[in-house]
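Before I ask anything, here is the structure I am working with.
A, B, C, D and E label the chains in the order they appear, each numbered from 1.
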Amino acid sequence: MESAVRLRAAVTLLGRFPALAGVDLDIIPGEIVLFKGPNGAGKTTLLRLCAGLCSLSTGQGWVLGHDLNSERRMVRRRVALLGHRTGLYDDLTVIENVSFWAQAAGASSTDVDEAMERLSLTGRLADTRVARLSAGQRRRASIASLVVRRPELWLLDEPHAGLDQQTRDTVDTLVRGAAAAGATVVLASHELERIAVLEPRVVSVVGGVVRADDDPTDSESPDPSSEAEDDRRVS
Amino acid sequence: MFRDVWLIAGKDLRIEMRSRVGLNQIVPFAVTVLVLFAFALDTDQEALRTYAPGLFWVTVLLAALLAIGRSFAVDLADGAADRLLLSGIDPIAVFGGKAAAIAVQLVVLEVLLGAGVVLLFDVTVHRYGLLVCAGLAAAAGVATAGTLYGALVAGLGVRETLLPVLLLPVVAPVLIGATRAFQDAFGVAGAEGWAWLGLLAGFAAIYGVFGALSYGALLEEA
Amino acid sequence: MTTATTESTSTTEGIPATTSSKATKVLGWLTLAGFAVLVALAFAWVPEDTRITEQGDVVGQFDAVRLMFVHVPSAILAYTGFALTFLASLAYLRWRTDWWDMMAHASAEIGVLFGVLTLVTGSIWGRPTWQTWWEWGDVRLVTTLVMVLVFIGYLAVRRIPADVAVKARRSAVIALVGAVNIVIVNRSVDWWENRTLHQQSTLIARKIRDETLFTLSFSFAVGMVLFAWLLLHRFRTAYLQSQIEELEVNEALAERRAEAGISETPEGRS
Amino acid sequence: MESAVRLRAAVTLLGRFPALAGVDLDIIPGEIVLFKGPNGAGKTTLLRLCAGLCSLSTGQGWVLGHDLNSERRMVRRRVALLGHRTGLYDDLTVIENVSFWAQAAGASSTDVDEAMERLSLTGRLADTRVARLSAGQRRRASIASLVVRRPELWLLDEPHAGLDQQTRDTVDTLVRGAAAAGATVVLASHELERIAVLEPRVVSVVGGVVRADDDPTDSESPDPSSEAEDDRRVS
Amino acid sequence: MFRDVWLIAGKDLRIEMRSRVGLNQIVPFAVTVLVLFAFALDTDQEALRTYAPGLFWVTVLLAALLAIGRSFAVDLADGAADRLLLSGIDPIAVFGGKAAAIAVQLVVLEVLLGAGVVLLFDVTVHRYGLLVCAGLAAAAGVATAGTLYGALVAGLGVRETLLPVLLLPVVAPVLIGATRAFQDAFGVAGAEGWAWLGLLAGFAAIYGVFGALSYGALLEEA
């Protein structure tokens, strides 16, 4: 069966720094995968690469069958990325934001209602401008505007960050549901205990390369993370 | 496709209406600049009347810079630009939508500022048709070129200051053409207004086509 | 323009310490010799520009006319630089290779250099002949200035620290738009005949003396050699720099991979 | 003994929304206190109020003995707030940022070195511009530039968010050390399991009011959080 | 206290040097605006020479808007403004530091732009002393008033567009005074240059004192 993500010696330079230093990775459709690793290991860059937002400096890659060197535009249409930033417009209300991204993705207004419902963005919150939300509410609105996309590959960068207990559970349900429906879910997170309940396949990212691993709650490489990082120099 | 142009333009215009930047701030800014000119040039009414078209258009351009800057700033503020890339909307539609929203704002500005010029500088309009056509064509030209250049500098971290540097020399022909056309329309100089209007329309058409075609390549980020 | 080379080439082994080669040395000497001959021709051979009017007054540009041999080739070389930038940018957008990107950058820099030289020599020339450094009503002057400004903007974009590919793509689009100015500047004197003090195309109309024409043609030739010399050096500077960068990236990557191999041992325990 | 924080019927309006709807709270010096509660409950606002960055609309409050209605400038000097935003300058390097905030607080350059060391911001990272950091590295730099202040009251809004395992432990050590040295530490967090190891006194914040509580891992108020919030109406 | 002024000014100037916004962008912007004026006014050299002082100062003001906007934008970008409040630095020192950094940038801009005007507009300087004093005093005035108004609009979410609206009317006296002083220095009009210089110095002094005193109250945010 075709891989959902397939990377071969993938190198990504941010500026002149090798954020990814030769990644080999295969993710099969329907999997739940966790990227774990120290700060600056390259998890975010790896997710953005899979979303077609970073380019390959050298190496090869395919996402959902599209070549990352030549068909990034196709890749972008079929994935959903929850990044560190929320992708919302401050001056629009929550419902306006979610509707905008839903329409952009061709989703219907019932999808919008459903997504808002699931992330408890009902009542007063729906008509509040995003600029007036708390950090966690904002994050919730961001997730809602992604959920409407129904993508084949979910790329979630620290999906639980800032969310309250109830919404954490909602996110877990969403992830399980997506995987059950055949979509692939890739997460990056530091909240290992929390993620463990999703029983993901764990991939360790350290210093720009990946290494398969099994126990999700296992702490990171014993040598201080900063050492691993220092090996890559700005060239 | 048209649906998407409309979606983007609607979003941008709604944000502008919501934040009231246009009406509450860009227009007063434009009026202030006009008044400053009047101070700085320190001339009599007659001279001001002669210069009115030029000052009007320099002011419109400066205000346009603000509008264009804001249009891209809202996308960049919290990563919406990335999401637009991921949304699957055709880049041509994004270009069209953003340019349309900016053009609408410029036209509103021109109407208000035009009224201001007529009142403050005491000019009389001789050719309404020319005035309206030149105003629309110039707005379209500035909006298309502005959208193209706005995207060019977006996300480079120095947008606010780089945009003017790049855009102002490029829209110089619009400034000249629109000034001449208005001089004709106001009857302050016998310039061949309709010929200049041709220049304006051509400019808008060229930048519209070129912008739409190259926008995809521009957005194919990183 | 070449400061970057001097600092970086000396430190990295495996990369030549200079951007010169036999060809560029020949070009360099040719430029120098050509320039010497040009100076001789311009001052010794070409006569002063003097005409006697019907009233018997002596008018003309006198010695100032000799500025032509710098001014006109500068303008032509500026055009050449920007045109080359345009072509290289098109090629970059088509093939996306660094080679074309570097070519666009190199020629744009040289174009701006000569563009500024055109402006400066023109101004200096304008002082004795038009009694002014600058004339705003003159379309040729103003369009030239706009053209140079557009490409200064281009260089400003190139200097922003940002992703190489993003920068290359964006500056290529700016160059495509900017190159339209070449046509505007060149045609300006015809389009706006009545709005310019500046010469129209005198060369084509053959309104000048033979000595002057020859010297002018000679100055074009010298200019072209100089242009080629500058371009080769500037391009090689850029190329060497990219090579150094590549070496450093490879080094960083190699170290990184080696380290990843080592760090597997302690992790293997768990 | 004087309270470190003492609020009486504290109400804070953000715009016209009562983010705090009558808070009564006492925190004694040397305590470690955790604010927990659903998104939008008012935790961040409460921390900002204690830092002297929000004003009291009605009610009274004292922080470190200074009146929140009249002496906020005094309060601000003596507290350190780690907010959702990092407070760093993108164009300066990590060391320049930390040094700037250290000098602003009158700290010495050995303090700077120590803080950088503790948060493993050494080597390449120290001379990297903040704009080029990963999310977690950036957060670490932000913490380092706070640590140099040696304040009497620490206000930490989701201090573990985005940090890797090693830095999480560092933060815990910092918090314990500060408390042991007599400073007061107030945290807001959703990572209850993680915070539990600090053995804080738990204060539940729901719908803009607080309620004392004991078990840090206990999940939030049984009634859905959105209901509790809905009591606050825009005034 | 002076240490803190220096700390803040040093930080702002270092950021500006780092991002190269000033030299690479604000200066070309200013030159471009001058060129546009020359286009728009479409006059002969003589008229331009007369208007040179006014155009110079309108351009400096527009470039100053950019510099002031940036100065506050870097503080607001990621919450540094809050930290400044919490840092315990005296607001007077913050005001002084930011104003000093902006003034330095303006002086650099004036020198470069002044050279441009002398070359492009072909003016000759008659009174160097007056020119330099007026340039410095005006820079100080714009910087102090600009810092005050920059702080006023900071964090209101629409900084880019609101600042011009508020600031331009306020600095109108500087525009007039500096223009007159320069007219005298350039010998294009027999204005009483030194009297106008007094106005400029007074303006700078008043805004300096007023700004320093009210800055604390301004910053004592919500």
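We take it that a residue touches a chain if its C-beta (ideal position, glycine included) is under 8 Å from a C-beta of that chain, and two chains touch if they have at least 3 such contacts.
None of these values were measured; they are calculated from a predicted model.
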item: Per Cα centroids, the chain farthest from chain C; value: D
item: B-C or D-E, whichever has more C-beta pairs in contact; value: D-E
item: Centre distance in Å when chain C and chain D are each reduced to the mean of their C-alpha atoms; value: 56
item: Averaged-CA centre spacing for the pair chain D and chain B, given as whole angstrom; value: 45
item: Separation of mean Cα positions, chain E and chain D [Å, integer]; value: 38
item: Euclidean distance of C-alpha centroids - chain A vs chain B, Å; value: 38
item: Multi-chain contact sites of chain D, meaning residues that touch two or more partners; value: 84, 90
item: Residues of chain C engaged with two or more neighbouring chains; value: 146, 149, 152-153, 156, 160, 163, 165
item: For chain E, residues that touch 2 or more chains besides their own; value: 19, 25, 28, 32, 35, 39, 42, 157
item: Residues of chain C touching chain A in the complex; value: 161, 163-165, 245, 248-249, 251-253, 255-257, 259-260, 263-264, 266-267, 270
item: Chain C-facing residues of chain A, complex; value: 11, 13-18, 21-22, 55, 57, 204, 206-209, 211, 213, 215, 218, 221-223, 228, 231-235
item: Interfacial residue positions of chain A with respect to chain B in the complex; value: 51-55, 72-73, 76-77, 79-81, 83-92, 96, 100-101, 103-106, 129
item: In the complex, chain C residues that touch chain B; value: 93, 146, 149-150, 152-153, 156-157, 160, 162-163, 165-166, 169-170, 173-174, 176-178, 184
item: Of all residues in chain B, those that touch chain E in their complex; value: 19, 21, 25-26, 28-29, 32-33, 35-37, 39-42, 51, 53-55, 57-58, 61-62, 66, 69-70, 73, 157-158, 160-162, 164-165, 168-169, 172, 175-176, 179
